[in-house]
Amino acid sequence: MTVSPDMQRNMLRQMQTIRRFEEHASEGFLAGDIYGVVHCYIGEEAVAVGVCATLTREDKIISTHRGHGHCIAKGADLKRMMAELYGRETGYCKGKGGSMHIADFEIGMLGANGIVAGGISIITGAGLAAQMDGNGAVAVCFFGDGASNAGPFHESINIAASWKLPVIYVCENNLWAVNVPAENSLAVTDVAARAAGYGIPGKIVDGNDALAVYEAASEAVAHARNGGGPTLIECKTYRHRAHTERADQPDARPKAEIEAWMAKDPIDQLAAHLKGQQGQLTEDEWAAMDADVMSEVEAAIAFAKASPFPSTDSVSQDVFAD
Amino acid sequence: MPREITYLDAITEAIAEEMRRDEKIFHLSTDAPGALLKEFGPSRVRQTPITESALTGMAIGAAGSGYRPIVDWRLVTFSFVAMDQIVNQAAKIHYMFGGQQKFPILFRTTVGGGTRRAAQHSQSPYSMFMNLAGLRQALPSTPYDVKGLTKAAIRDNNPVVMFESGRLGGLQGEVPDEDYTIPFGQADVKREGTDVTVVALAWLVHEALAAAETLAKEGISVEVIDPRSLVPMDAETIRRSVQKTGRLVVADEAGPTCSAAAEIISLATEDAATFKALQAPPARVCAFQVPIPYAPHLEDHVFPDRNRIIDGIRTVIGS
Amino acid sequence: MTVSPDMQRNMLRQMQTIRRFEEHASEGFLAGDIYGVVHCYIGEEAVAVGVCATLTREDKIISTHRGHGHCIAKGADLKRMMAELYGRETGYCKGKGGSMHIADFEIGMLGANGIVAGGISIITGAGLAAQMDGNGAVAVCFFGDGASNAGPFHESINIAASWKLPVIYVCENNLWAVNVPAENSLAVTDVAARAAGYGIPGKIVDGNDALAVYEAASEAVAHARNGGGPTLIECKTYRHRAHTERADQPDARPKAEIEAWMAKDPIDQLAAHLKGQQGQLTEDEWAAMDADVMSEVEAAIAFAKASPFPSTDSVSQDVFAD
Amino acid sequence: MPREITYLDAITEAIAEEMRRDEKIFHLSTDAPGALLKEFGPSRVRQTPITESALTGMAIGAAGSGYRPIVDWRLVTFSFVAMDQIVNQAAKIHYMFGGQQKFPILFRTTVGGGTRRAAQHSQSPYSMFMNLAGLRQALPSTPYDVKGLTKAAIRDNNPVVMFESGRLGGLQGEVPDEDYTIPFGQADVKREGTDVTVVALAWLVHEALAAAETLAKEGISVEVIDPRSLVPMDAETIRRSVQKTGRLVVADEAGPTCSAAAEIISLATEDAATFKALQAPPARVCAFQVPIPYAPHLEDHVFPDRNRIIDGIRTVIGS
């Protein structure tokens, strides 16, 4: 499958946007401007971007506690995202959600979620809605290796497979769930092996290779749009940072493992791939792209900082819809 | 033209009428209701695997995508496998996401005992749901009320939990032909009286009415209030009644601890005017705080009934 | 694997005991002496008996809403079982549990359960206990095809497989869950296919053939006792009766399907097998065995009927243990 | 010799001491506590998959097989995925099976807000558990109490839910060196007073003590009662206090509806002697009945604190 250089550059830019956004999210968190908890996606950008590049605005996705990357890849507004992290009125959730709860239903981003595996059945319901709509839209479920051991994974995929729902289940196997290595809690090496229990295709893909992810996702999306039902795609990847951005937390992962994966950075890889193709990306263009991304992120920060905090009266609003 | 139909038929009618009106409504449950399945077919009335948690989540996702799902958990027993989706998702999602999307969902579920099916299948845990913010809830006691509240629930743009009393499924009652809804948050005075207020829920409404009838012969005038809707709860109607009668008994099939009955007593006593009017301690006439046993005479012993309500009333009026 | 004729006769007798016990449970229910709900196991007796014949008293099992067969196969006392159905003080649960909640911890029967899939994680914990005890005991989980779609199935088997717990998961695939055919809710034809997602053996066996069940279970039990971890055994079987004994309930199953399975009755099959072996079972012996079983069941009924109802005071007892 | 240790360390100490004493005790959680893991190793302090439901069920099975498991659900948020095992199994299994087997299990879980982690991760739903029959429950407010109650919980032959206040994890307090337990069902009078009774839970105990200190300067004498154990609840101590002071405020971090606060108000008002002694309506000083928002000033606004307790006290004493 060939991905046009334009598209590759777009993907690279999105990946870099995720990275720069999160680098700031971490800083802002450590500075005390961003509250609660921040889980960074850094190192895994190729998954969200590779998958979402195959989707249209009508398609839906759902995310996890590690949600910034999925939001950005689906086209969320950096300003409203950052404002949400800053707890401002202009944020996606009016300051009520924070990092773990960003959603944008307008663009089909059905939300980050503080519950491991909590979104899997929700997006499966969106897949049912898409099937009932009959317009060929699909729904994509992002979830971790840890989530693949939880009941909702099983219940939802079984239903999606039985009903041939247009859902793509994308496991981000970053080998760890907080401080528990996947090999200690996953009875099989490959989450994709579980597809056999539902009679659906299960694919393993290098989750640090955006183009490989794109290719696998394209096939799964086409399969789903054609009424073929769900696919389980396992993306082998890794987070560069600790589980959250809290300063004092333990990280049980071996240094050598971290370094080996850092060397396989998905952004470096895609940039190198483009650079390796005559005329597709020069060092200067790459630097300019990054500068552009940085200024977009800075604009988002400025927007967030300039936005008012919500009024305390708002705590009683939106408990119920009209 | 009012007709006599059963409580269960009233629910089915409500759902069928709404499904005819709005094709975005569909029904999910592990054993599809025959009448609905027959009329609307298997794509709108879906028989599902035994996965109440997934169904609950799927309803949220479908509601967030423009549908108006109805999920029947069937026995409230089974809602507990879905509790994460109920507590952590359905109740909070509208608020947590800043109100950006509406989630119109009706969750149906049967509560109560009397069926000799022991501890797991005889529960009345509505107060566990009432403790949550973000879910409208009702517990109707008559065919008329259940139809009107079910229709209101389906038209509501929020997740609603409709607690259907298992004991009342076969109860006959008048229901008009015309379309009507009953708004959430309006209690119904099922019988007027002046000496004591009995706030009763579901089956206990009927037991309270029977108790009132018995006591009327002794010249004791009992007012029976049915909150109907649990969230929001119509504190005003209850307080007004207690201010009139000066006495309060709450009758409920659930155990007392942290129950709807405890909430009703708190709503009454913490209100200055009502507190002032209260002439005797309020009383909870509830099930014993135990799991429900199987053997019929044990089960019957655990639940309150008209006789225990009469005893409760006698205590609060000091006779 | 050869099963001694003695053992075969014991198995046959147990199967017949289950059947006669339940025939009466149904009668008693329809007569109003037994309350609530009764789910009959009739037609599936070969599964419980074939599996439990491989177990010792130290091994543990857990059951479902359809629990009489498992109780009897594990050696429960018919008198106390029947007394429980009759709601008497002498019953296993002192009249507090009824048909859906019979347990006998003394013999390692950890209980029937009103929640589909509710027992799967409980018995997995018993398997963990057995592993920690280190005495070679195993734990057996009986569950239905319906339960195999539920989250606890997945979570528990994954843990058992990861930790190599000595648990045997026995799926009683009777093709229906109430009125929903398995093919509508199970994404795969064979529940055993799910074993692949946990890296454990998955076996399919004729659940109406007690000796085949015995053989499969023996292997799985030996594997577990030797530290090999769990096995998933799927027994294809069928219930002869409606989902419960309630008189007015609908039964969606096709008549022809029911009849075809009735013709494969597991008791008839084992009896025929024994009769076919010279000198192992004559018609008269079989009639005598049945008469003996009947009188045992009748003694249980008499015991139940003669037993007192529990006092109403007892409702407040056993909420908490001392 | 009493030492000052933190609330969290007191819990760890309690568990470690009990684990040294009884090798049938083991610990299951999705992220094993470092100190316990180090001392007892990975077979007694197990890191598990993220499957709180399975862990809860496994604890029941292991308890029924002679072990004394401890399950840490961690945030109470995650207990909801285990709710079927909690409600339908753990709470009922001893009763349902006629008392034939004991199920000694400690379920640990962290409750409360203040961490800016929004609606899902800031819950205080203890009353949902209190509504169930068959689970002992506690919510301690000091290192001393949490250690003594945790040890009592581990030695108890029932499933016990220990609600650990997230806000108090770092709180220092005196804890003796010697072995001790605190029996369930005994409230503690944290401060004696004569004008008003404040029954407060967990973090609010400390806020109530601060409020009492402030009001003492105005000559208002506040009695602060900490129930410590939620099930059983020590109604006697609460009633005795209210009979003395004639006034009752209940302060809790949970929302009011069907809450522990509602239960405490009911236990007080339905008792004849206490009702008679009450000179003003009882008051709930609780969180607003909303999901918990993320932004710090919003979150702080939702929760009660010393100032709101002071306001509540002023209202009930009419000053």
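We call the chains A, B, C and D, going by the order they appear; numbering starts again at 1 in every chain.
Operating definition for what follows: a residue touches a chain if its C-beta (ideal position, glycine included) is under 8 Å from a C-beta of that chain, and two chains touch if they have at least 3 such contacts.
It should be emphasised that the depicted structure is a prediction, and the values quoted were computed from it without experimental measurement.
With centres defined by CA atoms alone, the chain at the far end from chain A is C. The mean-CA centres of chain A and chain C are about 45 angstrom from one another, to the nearest whole unit. Taking the mean of the C-alpha atoms as each chain's centre, chain B and chain D sit 29 Å apart. Rounded to whole angstrom, the centroid-to-centroid distance between chain B and chain C, based on C-alpha atoms, equals 37 Å.
Chain centres here are Cα averages; for chain C and chain D they lie 41 Å apart.
Annotation for chain A: residues touching 2 or more other chains are 93, 95-97, 101, 113-115, 149-152, 155, 158-159, 162, 184-186, 319.
In chain B, the positions touching at least two other chains are 48-49, 51, 53-54, 77, 81, 84, 88, 95-96, 118-120, 133-134, 289-291, 293.
Viewed as a contact network, the protein chains are fully connected, with every chain touching every other.
The touching residues of chain D, counted against chain B in their complex, run 77, 80-81, 83-84, 86-88, 91-92, 95-96, 118-120, 123, 125, 127-128, 130-134, 231, 233, 254-263, 265-266, 269-272, 274-275, 278, 280-284, 289-291, 293. By the touch criterion stated above, chain A contacts chain B in their complex at residues 60, 62, 91-97, 101, 103-106, 110-111, 113-115, 118-130, 132-133, 139, 151-152, 155-156, 158-159, 162, 317-322. Considering their complex, residues 149-155, 157-159, 161-162, 184-188, 193-200 of chain A touch chain C.
By the touch criterion stated above, chain A contacts chain D in their complex at residues 35-37, 87-88, 93, 95-98, 100-101, 113-117, 146-147, 149-151, 177-180, 184-186, 250, 309-310, 312, 314-316, 319.
By the touch rule above, chain B contacts chain A in their complex via residues 26, 43, 48-49, 51, 53-67, 69, 84-85, 88-89, 93-103, 133-134, 136, 157-158.
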